[in-house]
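Below you'll find the structure I mean.
Per-chain residue numbering starts at 1, and chain names A, B and C are given in the order in which the chains are listed.
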Amino acid sequence: MGWKRAVGIRRALRRGAGLGVVVAGLGLAGAACGSNPATANPPAVSGAASVAYAGSLQLLDEKVIGPAFSKATGYGYQGRGGGSFGVAQQIQSNEISPNVFESIGAAPITLLEPKFTSWYVQVAASPIVVAYSPKSPFAPQLRAIAEGHEPLSDLFTLMEQPGFHLGRTNPDTDPQGQAFCEMVQLAGARYHLPPGTAAKILGPLDNPSQVFAETALEARLQAGQLDAASAFLSQAIQLHLPYIALPSAIDFGDPLLASTYARAALTLTGGKSVHGVPLVVDVTVIGAHDRAAAAAFVAYLLSSSGRGELRRGGYSLVTPWLVGRASAAPKAVRHALAGS
Amino acid sequence: MWVALLGPVIVLLAHLTPRAILASLSAPGSLGPLAVSIEASAVALGVLVVIGTPLAYLLARERLPAPRLWEAGLLVSLLLPPLVIGLLLVFMVGPATPIGEALSKIHLSATNTFLALVIAEIYEAAPYYVLGAQAAFAAVDRRLEEQAGMLGDPPGRVLRRVSLPLAAPGLAMALATGWARAIGAFGAVIIIAYHPYGLPMQIWVTLDETGLASALPFALVLLVVALPLPLLAYGWSTRARARH
Amino acid sequence: MLELDIEVPRRRFSVAVAFSVGVGERFALFGPSGAGKTTVLEAVAGLVGPQRGSVSLAGQLLWAKADGRRSSTQVPSWRRGVALLRQEPSLFPHLSVQANLTYSRRRSGTADLGRLVNLLDLEGLLDARPSDLSGGQAQRAALARALASDCRALLLDEPYAGLDAALRRQVTALVRDEVDRRAIPAVLVSHELAEAQAFADTLGVIDEGRLLQVGTPHEVVLHPTSRRVAEVVGYQGFVAIDGAIVGVHPERVRLGAHPRMGPVLSGRVVRARPAGTGFEADLSVGGAELTCRLEAGIGSPGATVEITVIDPPMFRPDGSVVSQHREVLA
């Protein structure tokens, strides 16, 4: 409490003091990150990173990265979540005005170009897995597959059985929902499953017996009402759900395999056609307020502490990569990219 | 105060252009959710009237054992956030629950079906309707019912000739509130009835898919469909009350 | 014939009464507010179920229950054919006066509605809504509605509240008439003695749920059988003489000594004031204060006067009656 007030006073003192102070603060933050993230005295900086993130990042951002970022840099942190596209839509219609946007996949960010931003950085990838319920009657077989005692192709023969209850999210609104459908397609080719297997497993795109809101999906899986469901590795880890990991050729978690993923395609309900893309965590800075804090957050994600936290949270690390107009990115971000 | 209350509605109207409305509503399949919403709410309300009205009457006349317990139950369901109701319904009527299994025996399912939508709407609307109807019945002077009985009417006929006509204005308001709750139900719906899309789900999904501009017209449709009944009921009940 | 012998528990005491009312007989239950009068009527009408006892009407058992057992007979209120007119008219507010009058599907064959409407002066009001009526009009309409049904007993609970004196007399006459014509028992409940007397053949005095005395109105007023009855029917002074207590009714006192008519008391004038055609005076007699009505004026406060108490009831200290000075009444 007292600490917060102190920051507030400092903020008031330094308001209008100019870029020099901010850069100095940043330098301090960088030094703190590099040597010891648990620095006792927070550096003198002002502002807060206001982060809008894809819903699957919620737990990691709120419980781990947000607090660690504040501690390491002295900036405030506040976050809000939602579907990546939903968040982008809300930013576009000025319903919300965060200064950092962490999206799953670049498409939601490109939706905001060029008005809000013209660049983004890939920081990690979020592979999908098949989470399953330990209460399921299929659990022994699913566990055998997960532990490698039975071939992964068996998973798809299991899922196509009429009594198998599979859950996934809405492909029309959710990148994970799209990736899961595409994953089944790719698996069909990879394991030489009989033609039509994907259709048998998935049914129609918005199959009412499979498509649930994300919250409901988790609840039903935990209640044992679904045998298995689509999930990010990070979610399976956070919710302590047993899961079957997939090879990177079909788990959408490796940006280098983009061309492989692109072989899968879906036609959405609105008639739009989409191709498989890696599920990367892309992040950008938008808006003008507290830009230094926003840049520091992105830089933190690229620091060794941030990357460690992402990895432990179930994300696979990729070589950080700036896409778009590099000159538009804040200096701190470019600096961090160069350093990593 | 009044303007502040109506603020969101004014903003809604200010943000809509006739062209946007037309474009959204003429898109293929866009009237489906409207039909789904009206049908599901009508069924939900029908069930509520049939079950909730006698319950409300018995509560108002304290004819039930442990009346406070019944009322507490209604209050709890009134106070629970709809999202929580939805999650609890998953554990109550989902597959692999006794109720879910009983339903599947008669080839029904309360997961992402019309039935699930109706159930979610019933749970969101029930406390509003039952408590409203209870208040309407409680406002009927008990001595009038006794008088009708002494003039030779058995209880059923007393209900028809005295209690219902006198409670009618209040019942109409309760019904209108129940209708608005049911058709606007979202929290429980998104959990147990992601499909089929009614208007609230359609608004949510459209918002995620294509943004606010195309979602708002559905909000207007929801308003247009949900509002007339409450307004009519309100107008009628004020006039009826003035007459007595 | 209405016969009842019931016990109904209430918060402070239980109402335990037994009496019968013959066909064409008018019974008035008189007592202070809260004595249990309305409870008795509600038990007859079937609105409350006595814990014990029986109610029967025209030879039909309406209620019978032994202590602690489930009732063996329980005729519901809508099959009893008992009309109850309450202090509040309880007209159906959503129906016209006409529809109120014809509400009962068990309409009386003997009472033709037109005549009732005429007698109760309701002609111009048939199309009105109950909310448009004055208190008196509403009460008359409620009476007409009760009489328009084919009732086997008529119960009146303080029914004249909204009526002025002239109308009270007229309505009382009408009710007496109807009860006669239909040969049904009628029970009126009132906390006003004059109203009960004007109505009844038989008067019952009720206090704290107990029926203390039943008799003709005259008998009960002139010869109360206990000090409590005397108090309830209007005796206001109680003076001890030779070990007995004399009950003094303000209107049963004559100025001067007339030993043949009753005991003679001497007292001091405390206050005197004009009342009606005579005077009312508060006297102090042997330490007790009593009020009496006198034809002529008496001295100013402090003066000593002699009065005769006419044929008064006399009580033992425990309140029971001793004896009475009898007098032939003209």
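What we mean here is this: contacts are C-beta pairs under 8 Å (C-beta built on N, C-alpha and C of every residue); 3 or more make two chains touch, one makes a residue touch a chain.
Please read all numbers here as calculations on a predicted model, not as lab measurements.
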What topology does the chain contact graph adopt: line, ring, star, complete, or other? line
Among all chains, which one's averaged Cα position is nearest the averaged Cα position of every protein chain shown? B
Most remote chain, CA-based centroid, reference being chain C: A
Distance between chain centroids, defined by C-alpha means - chain A, chain B (Å): 38
Expressed in whole Å, how far the mean CA point of chain B lies from that of chain C is 54
If you average the CA atoms of chain A and of chain C, how far apart do the two points sit, in angstrom? 87
What are the residue numbers in chain C that touch two or more other chains? none
Contact set on chain B toward chain A in their complex: 83, 86-87, 90-91, 94-97, 100, 109, 111-113, 190-192, 194-196, 205, 207-213
Enumerate the contact residues on chain B facing chain C in the complex. 141, 143-144, 146-155, 158, 161-162, 165-166, 243-244
Which of the residues in chain C end up touching chain B in this complex? 45-47, 76-78, 80-84, 86, 88, 90, 92-94, 103-106, 129, 131, 145, 149
Chain B-facing residues of chain A, complex: 83, 85-86, 89-90, 92-93, 95, 165, 170, 172-174, 206, 208-209, 211-213, 215-216, 219-220, 223-225, 270
